[in-house]
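Right, I'll just put the structure down here and ask away after.
Labels A, B and C are assigned to the chains in the order they are written; within every chain, residues are numbered from 1.
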């Protein structure tokens, strides 16, 4: 089904030019440009304090920008906040569900804020509980639900107005692996049904799973942009060879292997050799009589890109 | 918008179903949600909305009233009939301040339902208006319960009570509006509300003409009485139930409360916006 | 990760005196340790009191403002009600000023209010802060929690009672040396109500249910002969007032403040002591059940 047949317009859902956000003396976002196309899954990656959440809040129209331009669904959040919010869905970082109401009531009451009729939200709640696999907890209070259930309910709530764009701020932080995978699967289905997803995360596996395109933010600026594969190609090598040594002895071997890789990184107990063909590099390493405790050949991941771009030092 | 047939699976969103509603409808929608919360928990609120002022009326009006020896200021009515209107005012103001304090701070800080609401087409200003209207609704319910029950005690002297009830609710609203604004700028754990109750509401209740005429107070205290909303409310409510107030002072009392309400609403709308849109 | 040497066993530095657990024969630790299951009590309750002191040192306004509440009442009675009411009959049958009649009652009533609402507030610590989950991960047991929180509530009430007594003396309302015993009376009332408040806190489900507690405490405050003598009630209702623990505290306080002792005071003390002991027992049971389930 082509977009024009479905009645979509092809203009960007979100476009930002020189977008800035300043809090008193601290500039959280320092002039960024990006565009999100309709139907795309777009990721904002970055360490804590990179400016991801501030950017998300500006898109969600709950935080006025202090510089640049921003258009969401073709409208200016500064002047058309309510009209934009009527057409987007928001899933906040901390679940602000109503703990004292039931699952069903949470969905119904929230839907009413969007001007939807009682009959409509009643049916919509049933549909969304099915989608979020919460049907059998429909009339339970929210408080005792597990973290994964609460997050699924928060996502279901964000979908109550059939939004064209869904904003997710760190959707799987704090969830166990089962809960994360279930959530990813649901988000993937949403994407397939044509909802534009914009999400922040600092999990690289999440970004690789979900995002068609992403930007890496650091210190309020965009430091890289592209598809997950494109970013790996651009900022890392295809493969990585990890050589493990007794902690502290690894530095002795740096000079011996330096010329075998495009880049060598020194960690407390290992050396990382970034290379096109890790098996070949491993063979040449052993030719030089370097005997690590163990060695591992793996494909380069977004995590390598991320750490290269934003550094290994703790940012908090 | 609205009533399409129920769908079994999520369908391709062509256009979101949400829409922007006008400010009055927005406030009505928010109050509807508060109502669905209240329906689950109304039983627990029965006490503060009806019973507590009655207990005061029984203990002070009947019990303490039986001990009053110098009844010169009563002018022929019983002590119970003297304090019934003013206990209505202070009961309503106490409820108003409580409802405007902790629950509002919780909306920003603990329960965070305000944060959830402003992610929808509802604006912070509409949220403030709805909360104030909601408090007025709760106060009205309390006032009616109190009015009926105090009638059983024989506490009302005439039909003036029908005017007294809305006037008391109005006094409560005039107090709730600025307290909500204060709650929106409160950052801590809400200890400030304890201080507000102890240093403002309680002294007002005790000294601003609820239990005894303010002329029993030493002269230098009177300016404090004059800035007490409870005193203005007491004077108005006593005027309509017991009579004896000329139009000009009555207008003054009403204007004081109107000014408080308007200032509180302006500050409240602003502080709600500033707390939620940052 | 290095799989080098296993971590050496270092004596845990966090335990000041390790809990004795030698084959059912605990050593030292006072009588409480010998009577109670050692798993729920480590003699560390004072640590929670320290936490409260630390907490309130930042919210001193709340602490100090609590002193003012009964003072406002006292002042209102002095300037307003006294002029309406004049003298009333004191516990010894002689007339006394209305303020002197009300003051000791206000002292114990505020001890009750302070204690019950202080321990009620642990509802938030239980439901939202999850404070005790962290506390119980240390050597402290559930009984430490119960005793610690109740001690703090009682301590706070004692502080208020002392301040209040000072003001009474300054106003010339406490002339008998027996009035000094108002402080232990206030502590006894506070212990009983702190324990009851804690039990209630473990039973509540939503903060809106606090109203149920108000619905019991407020009538007790208003009707336990606080503001007028028992003679106001018809004889058929007086037994109901006598059921109120606050009434017994007020009778005790009024007698002591006027310096008139009589044997019925033993009964009042007994009633309150039984209530306090029962309350403490149920509170520690409830806390244990709630936290270890």
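One rule holds in what follows: a contact is a pair of C-beta atoms (placed from the backbone, for glycine too) under 8 Å apart; a residue touches a chain by one contact, two chains touch by 3 or more.
All values derive from a computational prediction rather than experimental measurement.
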Next item on the list: Would you mind checking which chain's C-alpha centre is most distant from the centre of subunit B?
Entry: A
Note to self: Of all the chains shown, whose C-alpha centre falls nearest the centre of every protein C-alpha atom combined?
What the structure shows: B
Notebook entry, point to check: Between B-C and A-B, which chain pair is linked by more C-beta pairs in contact?
Noted result: A-B
Next item on the list: Let me have the rounded angstrom distance from the C-alpha centre of subunit A over to the C-alpha centre of subunit C, please.
Entry: 52
Check: Distance from the CA centroid of subunit B to that of subunit C, rounded to the nearest Å?
Finding: 31
Notebook entry, point to check: Taking each chain's centre as its mean C-alpha position, how far apart are subunit A and subunit B in Å?
Noted result: 45
Next item on the list: Hunt down the residues of subunit A that sit against at least two other chains at once, touch-wise.
Entry: 100
Note to self: Show the residues in subunit B shared as contacts by 2 or more other chains, in ascending order.
What the structure shows: 41
Next item on the list: Give the residues of subunit C that touch two or more other chains, as numbers and ranges in rising order.
Entry: 206
Checklist line | Parts of subunit A lying in touch with subunit B, wherever the complex brings them together | finding: 6-8, 23, 57, 60, 62-64, 81-83, 85-88, 90, 92, 94, 96-101, 105, 109-110, 112-117, 119-120, 123, 126-127, 131, 159, 161-164, 189-190, 193-195
Note to self: So in the complex, the part of subunit B that touches subunit C is made up of which residues?
What the structure shows: 41, 44-48, 51-52, 55-56, 58-60, 63-64, 66-71, 110, 188-189, 191, 194-195, 198-199, 202-203, 206-207, 211-212, 216-218
Next item on the list: Going by the contact rule at the top, pick out the subunit C residues touching subunit B in the complex.
Entry: 59, 61-62, 65-66, 68-69, 72-73, 75-76, 79-81, 83-86, 88, 98, 128, 206, 208-212, 214-215, 218-219, 222-223, 227-228, 232
Checklist line | Footprint of subunit A on subunit B - complex, ascending | finding: 1-4, 6-21, 25-26, 29-30, 32-33, 36-37, 40-41, 111-113, 115-123, 276-278
